[in-house]
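Given below, in the form of structure tokens, are the structures.
Heads up, the next two complexes both have chain A, just with different partners, chain B and then chain C.
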Partner chain A sequence: MFKSLFEKEWIKLRWVLLAYIIIGYAAIFSIGSDLQYGIKMHGAVKYWSNVITYHTNFFSILKYLPIFGAITLAVIQFVPESINKRYRLSFHLPMNEQKLLIFMLLFGIVSMLLLDVLIALGLFVVSGMFFPSDIVSISLVSIVPWFLAGIITYLGTSTVVIEPNWVQKVVIGITTYFTFELLMAERLFTQYNNVLIYYFLITLIYGIIILFPGHRLRKGSK
Partner chain B sequence: MILNKFARYALILLIIIVCAIQLPFFYYKTVHKPTGSPRFYYSPIIEDFAIMQHSNGKMEFRDNQGNKYNRRSFEKILPFQFYRDLSKWGVLPDTICGLAIDASVIHHNSTRYRLMGKDFDLPQIKLYPLFESESDFAQLQFPSNFFRINDKIEFITASENKIDEELSEKFNTALIKAEFKFPAKIIAGLPTTKKPFDEGYFIVDNSNTVFHMKKVKSEPSIVKTPIPQDLDIRKITIQETVTQKVYGFLVTNKDEIFMISYDNYKLLPIELDDFVADKMDLAIGVDPLFMNFTYDDNYNFYSAVYDTNFQFIDKMKIAMTPKKEKITEKVKYALFPFSIKTSDSFSNLKQFKFNMHSSLSIVGIILSLIIGFMVKIKRQEDLKSSWFDFVIIAFTGVYGLLGVIFIKTDIWD
Partner chain C sequence: MSEYIIECKNLNHKYGDFLVYNDLNFNVEKGKIFGLLGKNGMGKTTTINIMMGFLRPTSGSIKIFGEESHKISPATRARIGLLHEGHVAYEFFNVEQVEQFYSRFYPKWKREYYYDLMDKMGMNYDHKISKMSCGQRSQVVLGLIMAQVPDLMILDDYSMGLDAGYRRLFIEYLKNFVEEKNTTVLITSHIIQDLEKLIDDTIIIGRNKVLLQMNFQEFLQKFHQYDFQFDGKIDLQSDETISNIESINNNYSIYSFKEKNEVLQYLNSKNIQINDMSEIKMSLEDAFIGLTGKY
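On to the complex of A and B.
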């Protein structure tokens, strides 16, 4: 059963996942190219100094990638389920709807995390070509809030798509926006290190909320 | 079924968290007015404090005795601060307190230091440029490498992203010879070329000894300073200024503050009432005769004046209306039972701080319970089965009310 579901999700999402990683690596390539050009034009000392003293973020192009990726992923994965309440067809499967929804979400989260790790690896390699380990490690730590915001956005958007009631869709959408937006307000590297644990716990809470609209769909609530 | 019910409460919890962060902040932005923070000066003419403060939309100028001034007469009693205007008007005195002055003397004997509360947790990339302190050129130039100190000192050449083994070895040997114990606990310097000269770095080693490290004619200059090891140093701030009286200042974990003198690193203690280093912003204005330490926590504003020999002269304090006593704050406490702060004006780090408000919150909670009850009656919901919704409102007030109203309960069986 799980194998069939896995295949179904894979067929549905493989192109969007491929697009995510291609755009991710295009961004990494752009970071490398900007670094090479900037260092050639202004000198490595000036470039390093700006990063060290003013926390100039040379990888900011990656900032909204997880957000856009998450929204696209959630829409492509769950809109087909919500059109004409097609999701209700799955109630005839020999699996309860909670397990089904959690499996779908896990598929999305694990896919996003794997791709995020690959993108972080790309950043590690590219920044390591121009900067010492002190800057590379801080860069990697500084993208964690953006990836976490991506997971929150994926979970929130999935819930918005599944939710049958428009008022509740809007409320969940606003709540999701104001949550991920909290993780996008960095001015300095590693500013979020002390609070990441709280946002991780919030992400866990987001992990369960989709069960409520799922239940409402099954019951035919409006 | 339990999981589905739990999912609804999880959704309500998220709404409560987001509301507790955003609504008090939105309220603050809507009702907040500038506090009219006073600016203190010490006048050598009237030998008393002169205060400039925004009040009722206009700037007020007065002295500590309550005498009011217009802007021009106010500037005249503060020749060290407004000497450019006074020169332009041709009224800059030739001597003040027996000291012969002109614009140039004032300019070369005046400076300003700042120590912000948020400097204490500033995230740092621990790589530092070590400037040539005795360059043949007038303008400081950035070195080609940056140093870091872990179990040894390493200089990394930026253009190659590689360790400069020769320079690293040279400084490593010099540090070991000076009895430096790796790693460093504090590395303090001013990494900019926009300063008149370079004094290198003050480094606290692993045994709490303070070293002064410079690069002089490409060679290491390491001085083991006599600064006591038992000071429990929290921060050192170095700022090279033309006055060349002090290197900068040193703050301990007991909020004691010392200036580090050019006279063999002698520490000059500065007594500042109620000073809490990481919860206040401190500015030190130095002029040819006085050093004015002004500091505040946004509500209490202090000034302490010393002469240039670090002898205490005078001090004063202005207390604004405490935050808790402001009407707008009281309304906030009544509306919102608690708030979650994600930033702090005295910190560079993101926060996630839960703040309980006062007992006034009971007003908002009772109102929220009544509204919640009425909404549920109107929706013809079963009050008995949604008792936990009222518990949520009772603990979270308007935040819980919004969650419960928008995320309607459902048929669970």
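On to the complex of A and C.
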């Protein structure tokens, strides 16, 4: 059964996932060429000094990639399951509806995380070519909230698509937007260490919220 | 003793203040083909949605295989082949992918039932469902339900969007299959001319009420149309004798389960003197419209 579900999600999402990683690596390539150009133009000492003293964010091009990726992923994954009340096809399958929904969400989350890890690896390699390990590791920590914002955006968008009640759709949409704003707030790229644990907790809560509309859809409403 | 696969008891449903029906009762016997019929908007799909647990009724209950409709277990769902209104299907799959997808969910899966139908249709296995016509999609959905070899088929408005040829194809395949497998079927439709040789028992629902609940052949034999001319206005409500009355100018049609002389006596008792009243042979569609009304 899970093999079937895996294949279904793969058939729907393979092109989006491929596009995500291609765009991600195009961004990494762009970061690498900008760094090369910057160091060539200003000299390595001045460029390093800028990054260390002024916390210049040399990888900001990656900031919105997880968000756009997450919205696209959620829409491509759940809209074909929701239009024309097509969710009834899935919920008539002979398996527990929560397991079904959790599997679909895990597929989306794990796929995004895997691709995020590959993108982070690309950033690690490229920034490692120009900077010492301290700056490289701080850079990697700094992109974690963006990836978490991507996961929250994915969960929020999925919930909005699945949720049958329009009022609750709007409430979840607004809540997701403000949570997203919190995670994407401008910070110097060295200031994320203390707040990451809270960001993880928020992401976990979103993972639970999405199970409610699925439960209501399956169990029926008056 | 007969075994009921579906038991609908005292079912009431409202959308806000709008009453869909009140006190709906019916049972579907094992191995029978049961028609849940009625015009559009009379609550057929609502009943299916309640039956499959997608909607909670305002009151009353439906049991399927002895389980309450909103608590149907996955094991029982595996015994039910459900055709959703509009022949809804996963449109991102092609012919082959959709068969592979469903095959792993159903222990009795017989892929040959599905591929026989696809081959008869001359369908390429890489044909994507989103690119199919409604008729082609209906055959894919029927093939999948048959391959599941269910004990119960629930077919919600199978005729929606199908031309006469596809409707006939659908019914012929279905009839052949259910006779061979002794499958219980609940079928809903607002187009009934194809169902004459298929359905055993029927319930026909009108606005807020049950219009008829009986054996289908008995309905066809006992329901009559009587035409007559009358100068003047006849204002009769449906009751035990008159199921429906329709008129255009001074030409009247009365639909009734009573014999001609009983209807004439009834009209006389209402001071409506009829000189000449003739019984008109009805098609199934005529009888259905005669019972449910044109409006």
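Assume the second predicted complex is superposed on the first by the 217 of 222 C-alpha atoms of A that agree within 3 Å, B and C clash if a C-alpha of one lies under 4 Å from a C-alpha of the other, contacts with A are read in each partner's own complex, and residues count from 1 in each chain.
Keep this in mind: a residue touches a chain if its C-beta (ideal position, glycine included) is under 8 Å from a C-beta of that chain, and two chains touch if they have at least 3 such contacts.
What you are looking at is a predicted structure, and each value in this text was computed from that prediction instead of being measured.
**Student:** Report clash or fit for the pair chain B and chain C bound to chain A in the combined superposed model.
**Tutor:** fit
**Student:** So if I put the vertex at the Cα centre of chain A, how wide is the angle out to the Cα centres of chain B and chain C? Nearest 10 degrees is fine.
**Tutor:** If I round to tens, I get 140 degrees.
**Student:** Considering only touches as defined above, state whether A:N84 meets chain B (first), chain C (second), both or neither.
**Tutor:** second
**Student:** Look at A:V125 in the shared chain and tell me whether it touches chain B only, chain C only, both, or neither; answer first, second, both or neither.
**Tutor:** Neither chain B nor chain C is touched by A:V125.
**Student:** Looking at A:L106, would you say it contacts chain B, chain C, both, or neither? Reply first, second, both or neither.
**Tutor:** Neither: A:L106 stays clear of chain B and chain C.
**Student:** Please indicate which partner A:K3 is in contact with in the superposed arrangement: first for chain B, second for chain C, both, or neither.
**Tutor:** In the superposed model, A:K3 contacts chain C only, not chain B.
**Student:** Comparing chain C with chain B, which touches more residues belonging to chain A?
**Tutor:** For chain A, the partner with the higher number of touched residues is B.
**Student:** Using the superposition on chain A described above, determine whether A:T175 touches chain B (first), chain C (second), both, or neither.
**Tutor:** A:T175 sits against chain B, while chain C stays out of touch.
**Student:** Which of the two partners, first being chain B and second being chain C, lies in contact with A:L114: first, second, both, or neither?
**Tutor:** Neither partner.
**Student:** Counting only touches as set out at the top, which of chain B and chain C does A:I11 meet: first, second, both, neither?
**Tutor:** Only chain C is touched by A:I11; chain B is not.
**Student:** With both complexes superposed on chain A, which partner does A:A26 reach: first (chain B), second (chain C), both or neither?
**Tutor:** A:A26: touches no partner chain.
**Student:** Chain B to chain C: minimum CA distance in the overlay, Å?
**Tutor:** Checking C-alpha atoms only, chain B sits 7 Å from chain C at its nearest point.
**Student:** Identify the overlap between the chain B-contacting and the chain C-contacting residues of chain A.
**Tutor:** Comparing the two interfaces on chain A, one with chain B and one with chain C, the shared residues are 219, 221.
**Student:** Which residues of chain C touch chain A in the complex?
**Tutor:** Going by the criterion above, the answer is residues 49-50, 52-58, 70, 74-75, 77-78, 80, 82, 84, 86, 88-93, 97, 100-106.
**Student:** For the complex, which residues does chain A have touching chain C?
**Tutor:** So the residues of chain A touching chain C come out as 1, 3-4, 7-8, 11-12, 80, 84-86, 88-89, 91-96, 217-222.
**Student:** Within the complex, which stretch of chain A touches chain B?
**Tutor:** So the residues of chain A touching chain B come out as 39, 43-49, 51-53, 55, 98, 129-132, 134-135, 138, 159, 165, 167-168, 171-172, 175, 178-179, 182, 185-186, 188-195, 198-199, 202, 205-206, 208-212, 214-216, 219, 221.
**Student:** State the interface residues of chain B toward chain A in the complex, per the touch definition above.
**Tutor:** Residues of chain B touching chain A: 3-4, 6-8, 10-11, 13-15, 17-18, 21-22, 122-123, 125-129, 142-144, 146, 148, 156, 158-159, 161, 191-192, 342-343, 348-352, 406-408, 410-411.
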